[in-house]
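Take a look at these structures.
Both complexes shown next keep chain A, but they swap its partner, so chain B is in the first and chain C is in the second.
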Partner chain A sequence: METTSTLEKSLRFLALSLVVIFFMFPIFWIFLMSFQTNETILQIPPSIVFTPTLSNYAALITGKLTTSAGTLDIAFMRNLGNSVFLSVTSVALSLVLGVPAAYAFARHKFRGSEDIAFTLLSFRFAPPLLVLLPLTQYFQWLGLSDTYFGLIWVYQLICLPLILWIVRGYFEDISADVEYAYRIAGHSWFATFRKIALPLAGPGIAAAGLLAFIFAWNNFVFALVLASADKQPVTVGALAFVTSSGIQYGQIASAIVLSVTPTLALALYAQRYLVEGLSLGAVKG
Partner chain B sequence: MHDKEKDLISAFLRGSVDRRGLLKGLGTMGITAATAGTLMNMMSTNAQAADFDWKKHSGKSLKLLLNKHPYADAMIANLQNFKDLTGIDVKYDVFPEDVYFDKVTAALSSGSTEYDAFMTGAYMTWTYGPAGWITDLKEWINDPEKTNPNYAWNDFLPGVKNSCAWNGIPGGALGSEDAKQWCIPWAFEQNNITYNREMFDKAGVQVPGNIDEMIATSAKLQKDIGGIYGIGVRGSRSWATIHPGFLSGYANFNQKDLNVSADGKLSAAMNTAESKAYHTKWVQMIQESGPKDWSTYTWYQVGTDLGAGASAMIFDADCLGYFMNGGDNKMAGKLSYAAFTANPEAKASTPNIWIWSLAMSNFSKDKDATWYFLQWASGPEHALFGATKMDFVDPVRQSIWKDEMFREKLNKKYPGYVEMFDASAAGASIKFTPQPLFFDVTTEWASTLQKMVAKEVPIDEGLDQLAQSIDRQLKEAGLG
Partner chain C sequence: MLPYVLSLPALLVCIGILIPFVTAVIYSFQRYRLSQPWSRQFNWGENYYNFLFNDPGFWNTLKISLLYAGITVTLELLLGLGIALLLQKRSRVNNFISIMLLLPLMIAPALAALMWKLMTNPGFGILSYLANQVGLQNFRWASSPDTALLTVVLVDIWVYTPFIMILLLAGLRSLPTQPFEAAALDGVPRTFVFFRITLPMLTPYILTATLFRLLDSIQQFDIIYAMTQGGPGNALTVFQVEAYLNFFQSTNVGRSAALMVILWAITYLLSNIFIKNWLRLRERARGEA
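Showing the complex of A and B:
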């Protein structure tokens, strides 16, 4: 049996600690900043000792931001709500459309199936700005400009190809014999899909959904171009603290903490599915 | 309201009683300043309405695209007066500055009819105007049917007003006879010195009078104060590095960005002997007394460091120094202002300016109603409200700069600001040559400055290379 010396253990612990500190320090520092005023954040030299304040969180939650130019209205909580709504509904719609499509691409070979699947994937290749300007015009003609419905539709460019391709790989990895056995027992195609394929592909679908959610949450440019200020997600809203009359570092930090929390919590909760789903679905062999 | 008070305010609005007389009179009637302000707004609205058919577009609706800025805040705070005056409903979208121009460009380039008017910088209209995205406003300004008689177009500072007008010909003079008024100046920034009084007193230095003194003063401040750097200027790879202090000092030596030949061809002008000498001094100043990571410095870092006491002075926008002198900034109340004449032989400073302006979208669904908003928002009443009650600095109207209450407000909290303005306003204008490659030229210029400061290229060689590259680009674009 292989044994590890105390020295090796210590060095390994030290190396891991350094890596953790390196990656976690910015997050830790942002967390500390979120409880400080601009004055303490900007003091020279920076100090880890300070009197904590909840004023940054209070400003975000009440929507009133006090700056050198007076009190400003901020819509951060609305932005946060928009992000949650847009991401959740977009991913839900993508799952409804993408999972059956992925199953069809995995199980049924039909003419043009690869071309269609590749076309859907190609949505991920297009630079967003290239697509967005013509889309703005189409949206105006269709009356979808500045609507949540229009935004959720456009978010399918992010979510649908991701879900479709990850879940497709996952369906392909599941042995078709299990499904055939169920069909021979007299069950319909849809019952087989619902009772056999879906439960077996569960981790893959969860992983794809999570990834799509993270991508949708981090999106910036779609809502910026296609919607008015009241429908902007948190990625745009967080920039409101960088104003001509000064940068509100404390509020930026607390905004980061608040906006990262949902995705972080979701990722921590489901990280096992995330890794398992990705490794089984996306990598064949 | 009692008749006496009404009469007094009306007399003030007619100009027969001055502001002091008005306040004194209202004081004796037992009216507080806050109530007086409300009455003034009400009476002012009535006075405006008496001279012009402000209700012509009543019932209509407009939508504005605004940048998150104190100027927009001032307008929003006063917007109800416009609605009451005209009966026009106004909606607005406010976007953070970081993404604001992306939003504007996307809206205009896609021909969106969503926004009727928007905030812009004059430089941006050099792209928007020739592209047909914005409207020449002269048609409305010169039409007495559409513009109220009290608008006083000639009240605008000439250098500022002209900087927003261009004939669309690359190299064409700003404000020429055939120029189109692409936007209306709203409020502007002159680039001068804002300095930390305490640090200057501690180091025993005076406000620098020219570029050599600025180099020496910055170095002495950095050495004597300790833990700070001498002077804050911008340094990121962007047009915004060239346009503030750097170009203001450059123009003071009568140097230009581009030459315009008799046949209208453009060529680079930044590799003259005088330009090389100025660049040498500027680079030396940053190397000796600028921030360590100067090449990342934008408006935000320059201002934040001054407000936090990390720098002793800035050569940047005066209103940046204005904002840093208030709020929760550590140095609030300790900053002063001075005009800066880089050239020892020049008689006055020649600040390049940034002008936050209002433009009308060419895709607006109702241009006449939009003009009603534009003339109100850039009119004398709103300018006075913004300047005296909000942070609408620097106002673009000469009458506001003559207003005693405004001057008093500045003198009380912003020492030297009024003198700074008076000393440099006459020479304040856009010093760039208007042309479509503006952003390419200035970005490459900033990049060259970065290389010089990093000692990657000697000044002479760097400027020669820059001039060659710009000449090539101008030729390729058919401009050179």
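Showing the complex of A and C:
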């Protein structure tokens, strides 16, 4: 490693530059496009020199799109609101249900505990449509179709396994001796969980929650199958947006920018937890 | 008693998934079209029998799914390993780049497909323009059956290579340093070090990354559906897209369910093979360390 020649250094530099361009350029380009009108977008050759405009964002936020043919209503802000609501409530519910369960799995090896944990994990890998297609019918019978309640329930399939497996790993890393000491001092099981285990696993729980939020936000197929227009999150809404008439390309771009900003911001904020979380702790070794 | 109570919600979710799962398996043994509910009946293995003997669409689906998974995972592994090696040394610049490279992974795959759709638009897309500049006249990206697969593979690589990269980077950085120091002292050639020390020690990480990606990739839906809805023609009707179209467009529930059961069987098999190998390798890695 010490004897790196100048040739090797420049090759490395070149390779890294290509990598950075390939992975960053689309984000950069769509970001630029979101500040452009159709006139500058359709220019040939494409140029990065243009007078930026906020009109695309203004149209999305006010929900009114003025075209030559008249005013068009767009429900993008509603989609954005749905994404926020669905992701936040699903993750909150998953944390309430999943963290105590993870603790139980980590501390008590009871009969069937591994089976339940592995069954849940295996859903992470099962084809979603296998479960979703029959669910559309069950939802109709149960009156759950097109309700937020039904969607949040289904979103547990994304969030709960994730939280359960990651948080369980964190609980297992806490030495049980600390908890025994606290219990022997006469505190109840629940007090031990709340005062000792929860604070110690705090960072892990936060990381799992963030990751579950990102997965819920980015999910597409669940809402595509089960949600109608007024309950759709941005991932599904943006797709419908592309095909609707009268929409300008700049507005599609700004809709994409608004839709990806929350997850990108969270990812940057919590990046050091992502590796472990994404692999369900499998690389912890 | 308490642990049972606490794990009850997890158990309920399991049951909540198992019921539709079993329902899907039952559907897969029925002739069941939503448009002809009166003709619904058990036909036992007929859906599966048809796949084997008179359903070229099924073989097309199988071929494209395997091709898609094979190409994406191979390229992402090579690329991800290459980038991880480039970024292996801890430095400010390298850490910054590795964080930046996480961003595509955090974008919803469906939205990533839309981004690339804008960039490959035949009218104004920057990539169409660039293709034109390098002499590819009328390169139509996802709207031509010849290049549709290439286009969605490109999007998949853009989104998921960072996943492999960060797993392998974490792996590389956690390797013990002694073997490398010893090799450097003895003046062992670097290719030898890479193939005989780095690669074997990295194998558990590579397997983990491959498993995760292979299982996701063979089930890819978001990117393909958002990009072309399985078209043009049946160029991109991978398992989940085909099942979705079968259910909602041709309302053939039986065939749709049978497709999903087969996909599930494939993923189940794959994950078992990998998990076994992975556990063995991990044991060995721990034993040596």
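One rule holds in what follows: the second predicted complex is superposed on the first by the 236 of 285 C-alpha atoms of A that agree within 3 Å, B and C clash if a C-alpha of one lies under 4 Å from a C-alpha of the other, contacts with A are read in each partner's own complex, and residues count from 1 in each chain.
Methods note: a contact is a pair of C-beta atoms (placed from the backbone, for glycine too) under 8 Å apart; a residue touches a chain by one contact, two chains touch by 3 or more.
The model shown is predicted, which means the values in this text are computed figures rather than measured ones.
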Between chain B and chain C, whom does A:189 touch in the aligned arrangement: first, second, both, or neither? second
Hey, is it chain B or chain C that touches more of chain A? C
Based on the superposed arrangement, let me know which partner A:9 touches: chain B (first), chain C (second), both, or neither? neither
Just checking: does A:30 make contact with chain B only, chain C only, both, or neither of them? Give me first, second, both or neither. second
Touch test for A:64: chain B only (first), chain C only (second), both, or neither? neither
Examine A:125 and indicate which partner it touches, taking first as chain B and second as chain C; both and neither are also allowed. second
For A:140, is the partner it touches chain B (first), chain C (second), both, or none of the two (neither)? first
First, second, both or neither for A:239, with chain B first and chain C second: both
Tell me which partner A:44 touches in the superposition: chain B (first), chain C (second), both or neither. both
Where on chain A do the contacts from chain B and from chain C line up? 42-44, 132-134, 137, 224-225, 236, 239, 242
Flag every residue of chain B that touches chain A in the complex, lowest number first. 68-70, 73, 93-99, 102-103, 106-107, 109-114, 227, 299-300, 303-304, 307-310, 319-320, 323-330, 332, 390-391
Within their complex, chain A touches chain C through residues 1, 12, 15-16, 19-20, 22-24, 26-27, 29-30, 33, 41-46, 97-98, 100-101, 103-105, 107-108, 110, 113, 116-117, 119-120, 122-123, 125-135, 137-138, 153, 156-157, 160, 164, 189, 214, 217-221, 224-225, 234-236, 238-239, 242, 249, 252-253, 256, 259-260, 263-264, 266-268, 271, 274-275, 278-279, 282-283, 285
What part of chain C is in contact with chain A in the complex they form? 2-4, 6-11, 13-14, 16-21, 23-24, 27, 82-83, 86-87, 89, 97, 99-112, 114-119, 121, 123-124, 126, 129, 158, 161-163, 166-167, 170-171, 174, 184, 204-205, 208-209, 212, 215, 219, 221-222, 225-226, 239-240, 243-244, 247, 253, 256-257, 260-261, 263-264, 267-268, 271, 278, 282, 285-286
Chain B-touching residues of chain A, taken from the complex the two chains share: 37-39, 42-44, 66-70, 72, 132-134, 136-137, 140, 145-146, 224-225, 228-230, 232, 236-237, 239-240, 242-247
